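Heads up, the next two complexes both have chain A, just with different partners, chain B and then chain C.
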Partner chain A sequence: MHGVDLTMLEWARAQFAMTAIFHFFFVPFTLGMSFMVAFFETIYVKTGKQEWKNITQFWQVLFGINFAIGLSTGIIHEFEFGTNWSTYSWVVGDLFGAPLAVEGVVAFFMEATFAAIAFFGWKRVSKGVHLMSSWLLAAGSNLSALWILIANGFMQHPSSAFYTFNIDNARLEMTNFLSLILQPVAQVKFLHVVTASYTMAGVFILGVSSLYLLRGKHVEFAKKSATVAAAAGLVASIAVAVIGDDHAYEVANTQPTKIASMEGLYVGEKGAPIVAVGIPKSHTIEEIKNMKDNEDSFTMPIAIPHLLSILGKRSFDGFVPGIKDLVYGNEKYGIWSFEKLRAEGARAIKDMNDYHIAKKAGDKAAMDAAEKDFHAIVANVDGVKIERAELMGYGYFSAEDAKHIFPPVAPVFYSFHLMVGLGFWFILLFVLAYASVLKGTFVNNTFVQKAALYSIPLPWIATSLGWMSAEIGRQPWTVFGILPTAHSVTPINLTNVQATFFMFMAAFVILGIAELKMLFTVVKSGPKGAH
Partner chain B sequence: MKKVIAFLMVFFGSFLFASEKLLPNGINPEAQQINTTWGAILFFMWPILIIVMYKFVEFTLRKTGVESDV
Partner chain C sequence: METWAGITTNETMFLWQEYWWLIVAVLGGLFVLMTFVQGGQSLFHTAKTDIEEKAMINSLGRKWELTFTTLVMFGGALYAAFPLFYAVSFGGAYWVWMLILFGFVLQAVSYEYINNPNNFIGKGAYKAFLYFNGVTSVILVGAAVGTFFTGSNFSFDPATKILAWGTATDGMDLRGLEAALDFGHGAWFNLAFGVLLFAIARLLGALWLVNDIDNNEFPELVARIRATAKKCFVVFLAALVVVLYGLVMMKGYSYDIHTGVVSMVEHKYLANLMAYGFIPLIVFLIGAVLFLLGIFQSIFGTSTGGIKLSGLGAVLIGIVVFAIAGFNGTPYYPSYADLQSSLTIQNSSGSLNTLEVMGGVSVAVPFVLGYIAYVWYQMKKDGPITKEELADPDSHAY
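What follows is the complex of A and B.
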């Protein structure tokens, strides 16, 4: 990678990753708990029974603690786009910034307004208005996530259907907002995140209720809460898996390097298998170049034949490109080598430079020639045209970067597969809990209660792993295939990034301890101690 | 109902007969053309899911006798 301070880049990445992971400890809990609280309150309003009001208020306090701290960490996150990733913000600000702006205008205002009524309006507004506020708070929180995930969806799949590359200011400019917001990659990501969040809330409520039952405390409260959590969690956990399948399909078709790393697929195959369990082997780029098949990809693999083609291509024998195909090309399937992509990218960069030199000289003809070459169609597959400008990002890499043009296999493989494993565990947990609730034995079933209690941290681990596979899997790009991570960073002094890294770390540790302390205090006090 | 079945057949059929040619960087050309209809369907699954979850909670409360007044 030319002219980039790699040490500073790694610190900036570490800071962003730390903020993202910490922020995401709070987000899914908020998304899930907001609807669970709305469910409890609806039951209260429909039955008019005080015990359901007490249940609602208890879970609302836990939700409120998390909501406040989550909001503050999200603000730090947004500032980092300006401080550490200003080149990124400049190049794709039109597309990334627009959904964030909508989030601010619509979702934040909605959340802020109805949060005030939901948390402080119990004695100030009617039951109906309060209930409506709880539902609108939940909808606002979730819509907030929708806009963020539309922005993230663009980073994962920046189709030229959304934008045109302006050679004059080196920016991507939006051409189709509707396509941006309704692109399946973003929408399926939103569904995957919210269903995972509802699962998290279900596991948390089931786990805390189980804690009370194991200690013989607040039995009626715990029984009612667990019944609601088991039912909602069962639907949510199954939905995560169903939506996750479509999410994987979108990834397979829009981010081939990510799916190849996720599945440790070095050489592309028709009827590609999924290695459900195994230890992926690390290979040098030279070794990958000489690989003929995937025999040496894993240690102790347990593979399910054809499954990757079925899930990724919806075809028993669909071709799934491997890392070798994506680095060295595969003529049969129309995939170019990294070298060819790099050459086109370098030419696009040259066109841009030529354009600006000509502009300074006032040479209109040279400007037009450069712009024409910049936007020239370099590929046309089934009517889908690719402009040279769309490959410009590859031009920032050097020939030696072939080994960096795909994400590292091991972290992406493990994070993805562990997340999937945990997802199946949640389904099993909720099946067991729901069956026990239906039989009326949950109150005495210490096995399921213990399983639920010890599972409380697992959804946080699963959601973090999910984001690791998504974001590490997108590397070496911030905007897939368009903008390399190394060229998205702000060229600032290393010391600034290091200093703020430790400042944020200290703030997160303090906030994390405060959150846990408050949550434990409320849980320990029980429903009556919540207010 | 017939329209729904026809739509699903066309939708899933498109997978079976999809071209195997990929874009230069390995992306599926179909994915490059944004299917906003499918995106909109995915979006509306969200409120449907919330309603299904809540109705299933009510059903469970009644079925188990934990709360019969919902």
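What follows is the complex of A and C.
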């Protein structure tokens, strides 16, 4: 990468990652708890029983402590795209800014407005209006997730179905908003995130209820809360896995370097296995170039044959390309090498420069020629025509960047596999919990209660790992295959980025500790001490 | 003279760009109104007892999310409709925006945490956060808006639009903070604008609190709020004089809507006020009169309804400020480093398709305003905040 301060780039990435991880600690909890609270309140309104109102208000207090910090970290996130990623903001503002604006109009206002009634309106509005507000608050929160994940889906898989590259402005422009909204990558991502959020809320409520049961406190309250959490959590955790499978299928077919890193697949295979457990080995790019198979990819692998082909290609013997194929090409399967992609990208950059030189000179013919070459079709993949302009991002890399053109294997592999492992643990936990609820033994089943209690932190770890595998796996791009991360960043001196990094980190650490202390205090006080 | 970007002569595109600038202006106006939350936060010292302070925190704490959301919406609309502004201003005037954001981050958690047991750093810290947001963030927002008239220190690559900040040979490069420190490039105006916005916010905050807190139960608090607001009114008048003097007298940035060439024009913003059949001037005057009427009604008088008049007045004034910054061939984010790099609604907008699609989405805005009004009515219909409500565990008081 030429002309980019790589140290500053890493600090800018670190700042964004810190904000994202911190934000994503609170958001899934908000998404899940808002629905659980609305659900508890519905039971209260239906039955008219005070105990359900107490249950609703207790969980709402915990939700409220979390809600504010989720919002606050969200605002930094939105503006960080401008402050630290200004080139990105200009290049993709059409496609990324639009969903953010819609999010504001249709989701944030709904969330913020009805939150006021949900939190403070218990005595000021009727039961019906209050219940409606709780549901609208939940709907608003979840709708905001939809729009941000539409924006994120575009970053993962920018499809020419909804954008074109404008040579005059040097940016992507939206051509079809409906296609942008309905892109499959975004839809599965949304469903995966929200179901994971419901699972998180389920584990939290089940865990806290278990704590009370283990201590013999608030038994009726805990029993009722746990029953609802076990049922909702079971459905949600199974849905996470089912949708997760669809998500992985989308990744396999749209982000081949990500799936190869996720699975530590250095050399492409037909009937590729999944290494469920193992330690992926690190290899230099030269070593990868000389690899003939995946014998030297892992230490102590426990592999499930054919599973990656089945999940990723929906075929027992489907070919899944490895890192070597994606860097050095594979003619048999029509995979272009990085060098070939880079040459086309460089030509697209030259076209753009020629266009602007011609424009300055007022040479219309030369402008048209450059634009024509820029938009020339260079490949046809399964009926989808690829323009040279779509490969322009590769032109910003140098030949030595072959080692950087795929994400680092170890963090992506571990984060993905640990997330999957935790996902299966949640299903097992809810199966056990729900079975004992059905048998009426949950109140005395200390084994499941302890399992639920100690599982409370795990959904936070799982969602963070999922986010890390998705976003580290997207590297070295901000918009996959289109815009390199190094060319998205704001040109700014390192010290500015470092100073703001520490400024926000200090705030996050202090506010995070405060949040946890308050949550523990409320949990310790129990339902009676919620106010 | 060379300009870095050609100006479209596509009339449909131009209309959509104007439409979106109007939306930005309306959001800007609504944001000015919603700064009553920040203004109210700067009045916490008027509370002398715990219950008085609690009343203030609860009154403002039920509304902070809407101010916050309006700011987010303002950002989102600019991102989609004028992405080059998003890139240039946020990426360039880095520290101004970062400090503004920092203040809002601290504010967001403070209401929920301030009266919560075990909040780690104590009530005083959260109160300080709310003050910081109520004073510093608002002044900085005002100073940032001031640069819409005085200009900023940037230029960029004509082809790729990659930003270069601090390129003026006679300017400071403090990554945005020069707006408040570089007096050779209008810092006096930007600061006056910041102080003016702060004074407006504080007056609106006082009007809101006088309206929302039961005057019979908290007579002394209401009297102290009014007394502070009266002093603030003097600051408001002083800042207003400076800002109006600047707006009327300063050379303004102007551009040709057909060629895109930017130049400096005497009394540009005065001309903008009088353009379009004097509509901006008339709206501004109506806004100013309403704003003042509300203040005389509820700060100098004993009525509690002044917030309605002053609030509407603030919205109208805000709309006009943004309108004269961007309409009538005016670059809304000018550059004093390179005139031709100045941002106009024409050279910084999203594509026609995006503006149209987002135009469709903007139809939802009246609906959103409708349910906000409904919710406010629901929450206010039983009267102002009372001591009984604050003591009632069911009311989820902070």
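One rule holds in what follows: the second predicted complex is superposed on the first by the 530 of 531 C-alpha atoms of A that agree within 3 Å, B and C clash if a C-alpha of one lies under 4 Å from a C-alpha of the other, contacts with A are read in each partner's own complex, and residues count from 1 in each chain.
As a working rule, a residue touches a chain if its C-beta (ideal position, glycine included) is under 8 Å from a C-beta of that chain, and two chains touch if they have at least 3 such contacts.
Just so it is clear, the model here is predicted, and its values are computed rather than measured.
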Give one word, clash or fit, describing how chain B and chain C relate on chain A after superposing.
fit
Partner chain(s) touched by A:492 [first = chain B, second = chain C, both, neither]
second
Touching partner for A:272 - first (chain B), second (chain C), both, neither:
neither
Is A:452 touching anything from chain B or chain C once the two structures are fitted on A? First, second, both or neither.
neither
With both complexes overlaid on chain A, does A:462 touch chain B (first), chain C (second), both or neither?
neither
Between chain B (first) and chain C (second), which, if any, makes contact with A:257: first, second, both or neither?
first
Go through the superposed model and pick first if A:504 touches only chain B, second if only chain C, both, or neither.
second
So, A:333: does it touch chain B (first), chain C (second), both, or neither?
first
Please work out whether A:481 is in contact with chain B alone, chain C alone, both, or neither, and reply first, second, both or neither.
first
In the overlaid three-chain picture, which partner chain does A:392 touch, first (chain B) or second (chain C), both, or neither?
neither
Could you tell me how near the closest CA atoms of chain B and chain C get once both structures are overlaid on the shared chain, in Å?
18
Overlap of chain B and chain C contacts on chain A, residues none
In their shared complex, at which residues does chain B touch chain A?
12, 15-16, 18-36, 38-40, 42-43, 45-46, 49-50, 52-54, 56-61, 63-67, 69-70
Inside the complex, what are the residues of chain C that reach chain A?
5, 58, 62-63, 65-66, 68-69, 71-73, 75-81, 83-84, 86-92, 94-95, 97-98, 101-102, 104-109, 111-113, 116-121, 158-165, 175, 350-351, 353-354, 357-358, 361-362, 364-365, 368, 371-372, 375, 378-379, 381-382, 389, 392-397
Which of the residues in chain A come into contact with chain B in the complex?
35, 39, 42-43, 46-47, 49, 52, 142, 146, 157, 159-162, 178-179, 181-188, 190-191, 194-195, 198, 223-224, 227-228, 230-232, 234-236, 239, 243, 246, 250, 252-257, 313-315, 318-319, 321, 325-326, 333-336, 340-341, 378-379, 381-384, 386, 391, 434, 437-438, 440, 481
In the complex of these two chains, what residues of chain A are touching chain C?
57, 60-61, 64-65, 67-69, 71-76, 78-79, 81-87, 89-90, 93-94, 96-98, 100-106, 108-117, 119-125, 129, 133, 166, 169-171, 173-175, 177, 352-353, 356, 360, 490-493, 496, 500, 503-504, 507, 510-511, 513-515, 517-518, 520-521, 531
